[in-house]
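The following pair of complexes shares a single chain, chain A, combined with chain B in the former and chain C in the latter.
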Partner chain A sequence: MRRYFGRKLLIYGLTFFVAVTINWMIPRFMPGDPVASMLARANVTQPAAYEAMRSYYTGLFGLDQPIWQQYLNFWGRLLRGDFGTSIYLFPTPVSTVIKGAVPYSIGLVMPSVLLSWVVGNWAGAIAARRKVLDNTALPIGYVLTAMPHMWLGVLMAWGFGVILGWLPIAGGYSFSMRPSLTWAFAWDLVVHWFLPFLSLFLIALGGWAIGMRNMIIYELESDYSNYLSALGAPQRLIRRYAFRNAVLPQITGLALQLGVIVAGALVTEIVFSYPGLGSLILNAIKNKDFFLIQGAFLFIVLGVLIANFIIDIVYVVVDPRTRAGMVAGT
Partner chain B sequence: MRNRLRVLIPVVAVGLVVTACSSGGTPASSQPAQPNTAQPPAAANGEFPRNETLYTSGTQWGPPANMNPIREWDSATGIKGLVYETLFHYDTVNLKLVPWLAESGSWTDDKTYTLKIRQGIKWSDGQPFTAKDVKLTFDLGKMKTIPYHNIWDWLTDIKAVDDTTVTFTFSTPNYQEWDFQLYSRAIVPEHLWGSMTEDQVLNGVNDNPVGTGAYKFVSKDQDRVAYQRRDDWWGKTVLNMDPKPKYIVDIVNSSNEVAMGLLLQKGMDLSNNFLPGAANLVKGNFGISTYYPEPPYMLSANTAWLVPNNTKKPLSDPAFRRALATSIDTKQIVEGVYGNLVKAASPTGLLPQWDQFVDQSVISKYGFAFDTEKAKKMLSDAGYKDTDGDGMVENKDGSKLNLSLIVPSGWTDWMEAIRSISASAKKSGIQITPDFPDYNALVEKRGKGDFDLVINNERQLSNSPWTYYDYVFNMPVNKIQNTVNFARYENEKGWKLVQELDNTKTDDVAGMKSKLSQIEEIFLEDLPVIPLWYNGLWAQVSSGVWKNWPTGVGDTPKTPAVMWRNWMELGGFETLTTLQPAGT
Partner chain C sequence: MITVDGLRVYYRTLKGDVRALDGVTFDVRDGEILGLAGESGCGKTTLGKSLIRMDGRMKHVAGTVTLDGRSLPIADDAAMVPFRFHEVSLIPQYSMSALNPTRKIGRMIRELLKARQAPYDEQELHKRLELVGLGVETLERYPIELSGGMKQRMVMVISTLLNPSLLIADEITSALDVSTQKAVATALAGFRDAGFLKSMIFITHDISLTYQIADTIMVMYAGKLAEKAPAKTMVTAPRHPYTQLLLNSLPEVGVRYGQRRLAGIPGSPPSLLNPPDGCRFRDRCPLAYGKCAEEPPPVEVEPGHFVACWKA
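So, the complex of A and B:
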């Protein structure tokens, strides 16, 4: 088992290194100079003042050093936990910016991923057994899963927000509130969270339900199910075995889906102006804010890797065959 | 079973890592993003009551990053105007300076300006406001990286004669520009800013701003900034002004849909966003109005110019530029693209507020108007002919002529506008290809002069047309042109006239007119940049909570309803004082 996790950790370590390096590289290869655009906004007219500001800021952000030196500096600072200063939100440190946004993103992504997975699997498993349900659940599932995040988000904001007026369409909490530890504020948070959550949840739901339904049907037609049924085992028991087998690929699917979900959350957050990482990343890219892009993506990479690692562990728990393999290996 | 427990070890390990990562002060999700400053006195129970709060939007494009009034370009909305104040305001209706922190100011001789400031004004920390604060604010400009550093090219000395008198001595008295400075510079307190280093002045966050203004900063978050009224503000008695909203919450722009949704839900009172189709909002029964109930709906705020790169052939040829201007159907942009939300610009480009300075005789002699046939003739007269028979004219040397016209990607109204320009120029035989680079890429190209044609609206309404012609004629042309003369146009005579205009006293209207008429003549003859339309002072207001908004009709205030940067001094603040709660 040590070897199993050792290998996994090594792979995660490598992935982390490569992903973070790519994160560092991509913004630097985009056209445009972040300091130039910052100064363009600053309305500096005089050439002397412009030069003074340009060299000052270029030095401040360390952009005057050779590219390899910048790369080494980047790792050095990263290991000390220093993400640098945001260019676009100058002079706020990147860590402060991200800290403010991350709770919203986690609060949105985690429940929608987990709940849609649980509910989707459950709905798919039921649909696989009942003709009527199958005929309705399947098309609905297909429509949901094919729906672009942005489109569903706009539809829901328009329907529930503007037409019905039940729910707010923007922000993390009311513009009339200030964060406080009160029930009123907590409720306000929930109300603002609900629509973005629901749109993420619904889109993910369809995919899980379809996957589960197909897997269950496949398992129910496999040899062991037929054999059990020939032995006279009750349908309930057979279905339970089928479910346990069918859920395994779904767990792997969850790991694979995480990256996609993060992207979906990004779009959803922008549609609802939810103050998570999404709009931050969009603006950071627009403004070529190297440091904020790095910081935000670093967080996403870490999140996806940790989630995958957890799923690896869960896999070991739920699938006895992995454990058997590990024992034989050691 | 043993195995089952062992596999839990990594789970625990990961859990520990996660908590370790998040223990660094990350707020729990129920308690997001506290402002990282010491909390100023909070609004009662942390809420802003709807009937006492003004919700605005349309200025900030990102989280409020700092409260530093020196960083006029990215400080939080309202820092200058609500918290920090200027010496004067500028009245855009009567076109005159209005004393604000200053009591009066005058030129005591040709090169000396004497300023009297008001007595009895206090900073929000209780310290008195004195002449020293004024001196310090302008002295900060001596630092090279401070945006108004260039005033020290023509300003030589400032003296705080006594507590209420400041004298400014100039080497070159740029009267027009000086008036602009007087209402543009936010005055900062000497007792706090006097000891700061250049780095602190330029890059300080200024978490706890101490100003003289009618509001104090309360809180900010990623998507908003909030202010609370100071009931001991000096202007209440001295100016007899009373800003009605107790709280002002400015919401960061996200998208047109959100801005429109908030307006419709009555969650926002003033939207300074450009909302496509705002005309329908006004006509429909939504309780939303604009300055005018009919076209152009909005006041004019600035001019959108078509900027040709004067260093590139054939755009370096005035005859070609004039033909190009004649080939563009601006009416189609105004009606088709904007739905009459904007007005077509005067051939001089000067805003309607400056009508008195437009010399009609010069326009009738040199002005241009859309006329496809005339444009064709102008092109062939100037030697641009279609030699290969594809319907498009070629360069004089016979090579293909294809100009690229750029606007930032995502600026949908401008994107539509340049498609329209391209189509109408094509009819006259000029091939123009619209292109939409990313905003930062565009800024870089524009600065370096690496473009053919670009649309720009840098300069806003101000106290003098000088700011406009400074934008057009400013010389010398540098390697990087950051805010002015993107066209890289060089005309010694024109630039000299612009400087002479700057040195004309602001009360010498006849003198200004004579200089302007000469400048307009050069401008229209050469047409270094082509004025297209006036961008509006976008302002959609909802009268659900606040009423008595400014309008162009009837007995309502005439000041603009606007929170944009540098506009609070142009009447934006005054509008706050004439609002009334809708309930009364």
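So, the complex of A and C:
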């Protein structure tokens, strides 16, 4: 057991290292000079003042050091929790900017992932049982999974927001509101959250339902199901077993899908101007704010890795075979 | 006592019916072990499945099955349920994967018995496990923690737990090594002696293994009965040319299965999709003559010895 998790942790550690390195590289090799673009926005016209500010900022960001030094500094600051200073929201530290966005992203991704997984598995299991349901659920599922996030988002914003006018289509809360601990504000948050949540939920739902349906059908044709049928066991029991066995690959599937889901969530946030990491990254890219880009991506990588690790643990808990294998192996 | 009369079971396929079981008649008395042998594809599994649970592609065309004086509704899946496990049981060809991988074995057994409204007699279960050399703690394990042979014996115990009248054991030794094969076969004969089952159909490729435990041997060829005789007679004085070749092609008893696969008879069985008229062994039979264009009916050449051949 310890060896198993040790190996997993090592893999995740390596992944993290590679991700950090790539993450550090990308903005540095992006075209354009961040300091110059920032100064351009600041409208500094006098050449002398321009030079002074330029060297001040370059020094501040450490861009005048040799590249390997920048890399080491990067790690050093990272380990101290210092992601640098945002350029476009200067002088707010990147960590503060991210802290403001993360609750929105997590609040969007977590419920949509978990709910779509649970509801999708349930719907798929039912579809596998009834022909009529299968014939309707399956095409709907395929349409939903095939739908690009961008497209469904725009469609829903247009339908529910513009045409029907039921729900707001942009922002995390109304402009007229100030964040506060009141019911009115909480309700406002929920209303703004609902459409982006729904579009993420629906797209993921189709995939889980199809996966579960196929897995159940496969399990129902497996040897242990046939044996139980031969012994006259009722369908109820056989289905119960099939469901449990079919859920296991779906858990692995969840781990595999996390990256895709997060990417989808980023796009959805952008469509709905939802103030999470997705919108943040878009703005950071627009402003060549590479400390912010780095910080946001690092946070996402870290989040996905942690989620993967949690899924690993859950898998070990629910699948007796992995546990048995570990006991036998150590 | 089970009586099978003129049983025909076909597989529905896109190309037409595969006549996998084409008129088979025999019976198995109480306390008798019938060894069923024949080349791959001759219909052994089909026969076994017909007696307990036909799959969706199988079609009962003709014939009747009577178990202890009651007619078995083999074509009616729902009506067969009360018979399954209680009266007719099966040790499948796929015993290695017959147990739900995510349930502890003991719990699976309890859930199965409860679902079948059968009492869970823990003492009896423990006794039987010991009989096949499995510790009681095996019940607390998952199937993956058992070796192939252990799973085999576990399935053996589960399938016979309700003392069925008929047990079908399909190819249960193919995956085992020779010494385990013998142990499993002997354990099954022991189950019969202990009264855990009344009669048994023991299916195998391997005539010599059949001979060790069967009272009667039945040889099938291309969906039909070729010969059926007491085990001793079958091995010492076979009358059907196919059985004779089959026995001649066998090396000494004890050689590993697989090397023994009936390589000795040239040619291959006819397609069962549109089988030719007359004797189905005609193309490969060294004794074939004009009359063989007609189908040879099984004839009782001496008491309990049936042969379907014009030359017998």
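Convention: the second predicted complex is superposed on the first by the 330 of 330 C-alpha atoms of A that agree within 3 Å, B and C clash if a C-alpha of one lies under 4 Å from a C-alpha of the other, contacts with A are read in each partner's own complex, and residues count from 1 in each chain.
Keep in mind that, in the parts below, contacts are C-beta pairs under 8 Å (C-beta built on N, C-alpha and C of every residue); 3 or more make two chains touch, one makes a residue touch a chain.
None of these values were measured; they are calculated from a predicted model.
Visitor: Of chain B and chain C, which one touches more residues of chain A?
Guide: The larger set of chain A residues in touch belongs to B.
Visitor: Applying the document's definition of touch, where does A:87 land relative to chain B and chain C: first, second, both, or neither?
Guide: It touches nothing on chain B or chain C.
Visitor: On the A-aligned overlay, A:102 touches which partner chain: chain B = first, chain C = second, or both, or neither?
Guide: The answer is first: A:102 touches chain B but not chain C.
Visitor: Contact-wise, after the overlay, does A:321 reach chain B, chain C, both or neither (first, second, both, neither)?
Guide: Touch partner of A:321: chain C, not chain B.
Visitor: When the two structures are overlaid on chain A, which partner does A:286 contact: first (chain B), second (chain C), both, or neither?
Guide: The first partner, chain B, only.
Visitor: Between chain B (first) and chain C (second), which does A:277 come into contact with in this model arrangement: first, second, both, or neither?
Guide: In the superposition, A:277 contacts neither chain B nor chain C.
Visitor: Between chain B (first) and chain C (second), which does A:125 come into contact with in this model arrangement: first, second, both, or neither?
Guide: neither
Visitor: Touch test for A:245: chain B only (first), chain C only (second), both, or neither?
Guide: In the superposition, A:245 touches chain C alone.
Visitor: Look at A:171 in the shared chain and tell me whether it touches chain B only, chain C only, both, or neither; answer first, second, both or neither.
Guide: first
Visitor: Using the touch definition up top, name the residues of chain C that touch chain A in the complex.
Guide: 52-53, 80-86, 89-90, 92, 94, 97-104, 111-112, 115-116, 141-142, 144-145, 155, 158-159
Visitor: Which residues of chain A touch chain B in their complex?
Guide: Against chain B, chain A makes touches at 1, 5, 31-34, 36-37, 39-50, 52-53, 56, 81, 86, 88-92, 96-97, 99-104, 106-107, 154, 157-158, 161-162, 165, 168-173, 175-182, 184-186, 189, 270-273, 275, 279-280, 283, 286-288, 302, 306, 309-310, 313, 316-317, 323, 326-327.
Visitor: Spell out the part of chain A that touches chain C in their complex, as residue ranges.
Guide: 222-224, 226-234, 236-237, 241, 244-245, 248, 319-321, 324-325, 328
Visitor: Which positions of chain B touch chain A when the two form their complex?
Guide: Contacts found on chain B: 3-4, 6-8, 10-11, 14, 17-18, 21, 24-34, 36, 42-43, 45-50, 53, 55, 61-63, 65-66, 71-74, 144-147, 149-150, 153, 202-205, 218-219, 221-224, 226, 249, 251, 254-255, 257-258, 261-262, 264-265, 267, 437-441, 443-444, 447, 474, 478, 480, 482-484.
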